[in-house]
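In the two complexes that follow, subunit A is the common piece, with subunit B as its partner first and subunit C second.
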Partner chain A sequence: MNNIARIIFFDILKSKITLIYFIVLSLVSWISFLLEDSVSKGLLTVMYIVLFSVPLMALLYSTIYIYNSKEFITLLLSQPIKRGNLWSSLYAGVSASLCLAFLLGAGIPIIVYSFDATGFLLLAMGTGITLVSVSLAFLIAVLTDDKSVGIGLSILLWLFFTLLYDAVMMFLLFQFSDYPIEALTVLLLMLNPVDLARLQIMFRLDISAMLGYSGAVFTDFLGTTLSTVLSFVLLIAWMVAPYRLSLKIFRKKDIV
Partner chain B sequence: MGRYRFLNSCFLFLINCGFAFHLTAGTVHVGKEGHTNSIAGALQTVEVGDSVIVHEGVYHETLVITIPVVLKGVGSPVIDGGNQVDVVSIFADSVVVEGFIIANSGKSSLKDYCGLKINKGVAGVVVNNNIFTDNSIGIFIQAAEDCRITNNRINTSLAEGPLIGNAIHCWKSKNLAIEGNHIRRHRDGIYLEFVSNSIIRHNNVAKCLRYGLHFMFSNEDDYLYNIFRENGAGVAVMFSSHINMLYNTFDNNKGGASYGLLLKDISYGKIAGNRFTRNTVGIFMDGGLSLTLQENVFSENGWALRLMASSVENSFTRNNFLGNTFDVITNGASEKNYFSENYWDKYKGYDLNRDGIGDVPYHPLSLFAVISEYTPAAMLFFRSFLVNLLEQAERIIPTVTPRNFADNKPAIRQYAL
Partner chain C sequence: MITIRNLHKYYQKLHVLKNINLEFDDEKRCIALIGPNACGKTTLIKCMLDLVTPQAGEIIISGRNVRNNCEIRRLIGFMPQTANFPKYLSVENTFRLIRSVRAENNDTDEELYRLFRLDRIETKRMGTLSGGTVQKVSATLAFMFHPQIIILDEPFAGLDPLASAILKEKILKEKGKEKLIFITSHVLSELDNLASHIVFMDEGKVLFYKSVHTLLEDTGEYTIANAVMKILIQTEHE
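This part shows the complex of A and B:
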């Protein structure tokens, strides 16, 4: 298993895409920290990268990678290797290379400029979102054999998490603003990994404003250790669940 | 010249003797090697202008000073009021109280007991370099004039809300100087009611339950170079006019009803050179009239400015707005306040003629600030992709935010303040 993961890891590193991903990430992060007049503004820019670019890259790249390595996977399956082992090695290889690119690209400037809880939270959320996106990409790849459908699905999923879900939630919030639905909104938002990461980071960066709202949700739940722990539990659930499902489907699948 | 030298030195010697005699004659020592072991006892023997030197030790007594004396502590003697009445009460002019630890005044929710009380009609009292601990009210100045309260440390460890009074409570007084005091954990740090022509300078007030500094009906006062940090509700200046607030620091006053500086019905004042950092609201202005706010720094606040519609004709010039979640929020629509030449870090305009002033106006009121004002829960969507798109659209075609609420001459570069 380790051998296969290593081969995939280096194969991905050798293809220029992750290198370009790394370069773009580090360029944007360094420039935003260097040009903005305060660290918090730099952190905000990096937060936007974590929330929007990281999931897009991880989803699209992993989906495409699985489709492109169809022949490689078929070849390996003809060897005496367990299907589960192969799938987990694939996951380890792909996610490790993407996480490495993120941690080196955005992580170094974050640690240099913001060596504190907020910086580490941002790094953890970035890594978490990468892993979640790779899991979802794996699920998409086993669900459909058509490459174009798979890529379309992953783009749709990205749009859903970053834009559509918020739009629907916000619409509901305004429609039912006469009712006490704050707690429910928080709960529903936390089901979306991107929103979950955003809420956690926002409560670190905009803490002064957040304390201005008297709603119990703002003061008693968000920003507390409990909510941070819950966020990580939910993120891990988002990593594990799609991956386990994809593994289950892959095991029963005919060839790939 | 030579022959007068001897006479000269004789004369000087006599003068010196006279001084020394005068000093020793008017000085009473209290404590270990002193004349008496009771300060109150010593106070009964002294005459006008005498000094009482109190040596270190704990004195369980309460003092009533009725003649002008200098009361000086050597080695921080403790005057312990034993949780009864006022510890030191001054009824005479020109009293000096210096170098004591004044502790344990009475505690009552009916009467205002205090560590040191300057009573009605008294003038010229100096309270310098004392430590006040566990008093209900630290220093109470009641209808007095020309008093100096300097370099005191005032603290209390009381836990019950109603028993905790203000650290320095001034009522109906004139020409006070409150300088260099270090105040912690009282109800209000410095409370001024009907106090005029006074100066509050270089004080450090933190962790008070309510306001760090509280002005009521106090006109023509200046407060300069003070630091107000982590107070329950920041600083409140209410129903006063002609107040100058310069070079103060308002830091870390956070909470649903917490403001760096709360201005309520304030007119004709100047607020300049202050720093507002990490407050929920930097300045909350309700009923501000003709105030000049310039060269202040607002950084990392939730809302830098919250202007109520009742605030008119105030001018905001040459301020720095850095890293605030929202720069300005208002419930008024029309332009009744004047913004010019401020530096806004959210400004995205350009400066083609390179004069340091942006060519397009900056609208400090953001869409989301307005939305979250009506639906606070919408704040949960702040900084999402969707909200960013909405903000951009609003900047191009304003529909919710008033068009004329703008800084027409936004600065391109941050001021060095």
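This part shows the complex of A and C:
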């Protein structure tokens, strides 16, 4: 890591909000494992909590962090530094610190209770969702200069991906259940990174009853191996695409 | 050294800079950019730093266009109107960071660092410093790497009288070293004895660019403030 990334990494680690994030994640994960009678049930609970809370923290915190660093970014850009380098250092610093907080918070109980492929997959998905959320937050921050609009957008995006999306999809499925809409459902699932991560873990846990209607459609349609590979590729695309777009805009942006 | 040709800048529909043509060629100059709020001073500076992209025209520094050329900023030291640093970064590490970004030899100008007594607060975090102290840090950074061009955006705002005096002294000293210094300010009285030339801007246009000497002679006044006021009243009458 270069100097700017390192400084941002430690700056975020030292903040109280990151500490609270770490404490809440570890408390909730430990408690879920202790209360559930089997490890696989515990993993499921932790998965729901992780896929709900990690995007919120990563989206909101990174958006706010970028807006608050505006003057610092201006100062750095008045130095001999390329815009692309600065943006990637920012991304590295922000995402590394949030990933570390997640891995220390939820990772330790997960590894203690489930030291196997499923546990590691859950860790990978949490990290992946963090990276996706930070990418999206960077895109939001570069799209609008208005801090309150940016924060509003990131909250909306989180609500959309974690709650509204599934609700709307369920509604559509029930409304059009008389028609062959499996292909459409699969397509819709692919457009939500949180669903992609959830499906990955579901395949692993192999609890078809828990997959729900949409998940069942997904496996029926593509088969387990192909769906795993495909959703993995799509998740990577969700990390890369928003970041690349934000970088492209940032290179030409007026820093006012 | 700096040539600005036919510069136009729009923010959406707002025409902020309207055909700016300026030439700052010889050295030993301290140029004061003055004008009312929203006249385009800061935007002009940001164009020079390639922070904003003009829709038309160009800025040439030392024979090179500033667009997408980050190496040019090695020649420039910039002190922004308001600075802000990562909250948990110590003063010492802030300087270390900027030093590593510029990646130049260790021959740095530590004079302001000493005079502002920044060594006493080396271990403090940037988030705990007062606004004035942060200004001191960014002023020190602007002078630190012996830049040929020094741009100070409202440098005295927020500084206490003692710190202002130290900074003024430093500007005069650098002016003697064949450097090109830009200062923007609303408080015209601060510029007496400091500025050698005045660029007066209003509504995105340059009203005049004169040396202080000719300005005072033309108007028959003794201070920059009075001379500028006189010209403003004259233009209003015409």
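Quick note on the criterion: the second predicted complex is superposed on the first by the 236 of 256 C-alpha atoms of A that agree within 3 Å, B and C clash if a C-alpha of one lies under 4 Å from a C-alpha of the other, contacts with A are read in each partner's own complex, and residues count from 1 in each chain.
Following the convention adopted for this analysis, contacts are C-beta pairs under 8 Å (C-beta built on N, C-alpha and C of every residue); 3 or more make two chains touch, one makes a residue touch a chain.
On a predicted model such as this, the values are computed, not experimentally measured, just so you know.
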{"item": "If touched residues of subunit A are counted for subunit B and for subunit C, the larger one", "value": "B"}
{"item": "Touching partner for A:F72 - first (subunit B), second (subunit C), both, neither", "value": "second"}
{"item": "First, second, both or neither for A:D11, with subunit B first and subunit C second", "value": "second"}
{"item": "Which of subunit B and subunit C A:N3 touches, first, second, both or neither", "value": "second"}
{"item": "Touched partner set for A:V186, first subunit B, second subunit C, both or neither", "value": "first"}
{"item": "Which superposed partner A:L51 touches (first subunit B, second subunit C, both, neither)", "value": "first"}
{"item": "Partner chain(s) touched by A:S38 [first = subunit B, second = subunit C, both, neither]", "value": "first"}
{"item": "Residue ranges of subunit C in contact with subunit A within the complex", "value": "11, 46, 49-53, 70-74, 76, 78, 80, 82-89, 93, 96-98, 100-102, 138, 141"}
{"item": "In the complex with subunit A, residue positions of subunit B that touch it", "value": "254-256, 258, 278-281, 299-303, 322-323, 325-326, 345, 375-388, 414"}
{"item": "For the subunit A and subunit C complex, residues of the former touching the latter", "value": "3-4, 7-8, 10-11, 14-15, 68-72, 74-83, 252, 254-256"}
{"item": "Touching residues on subunit A, where the partner in the complex is subunit B", "value": "37-38, 40-41, 44, 47-48, 51-52, 162-163, 166-167, 169-170, 173-174, 177, 181-182, 185-186, 189, 195, 198-199, 202, 206-215, 217-219"}
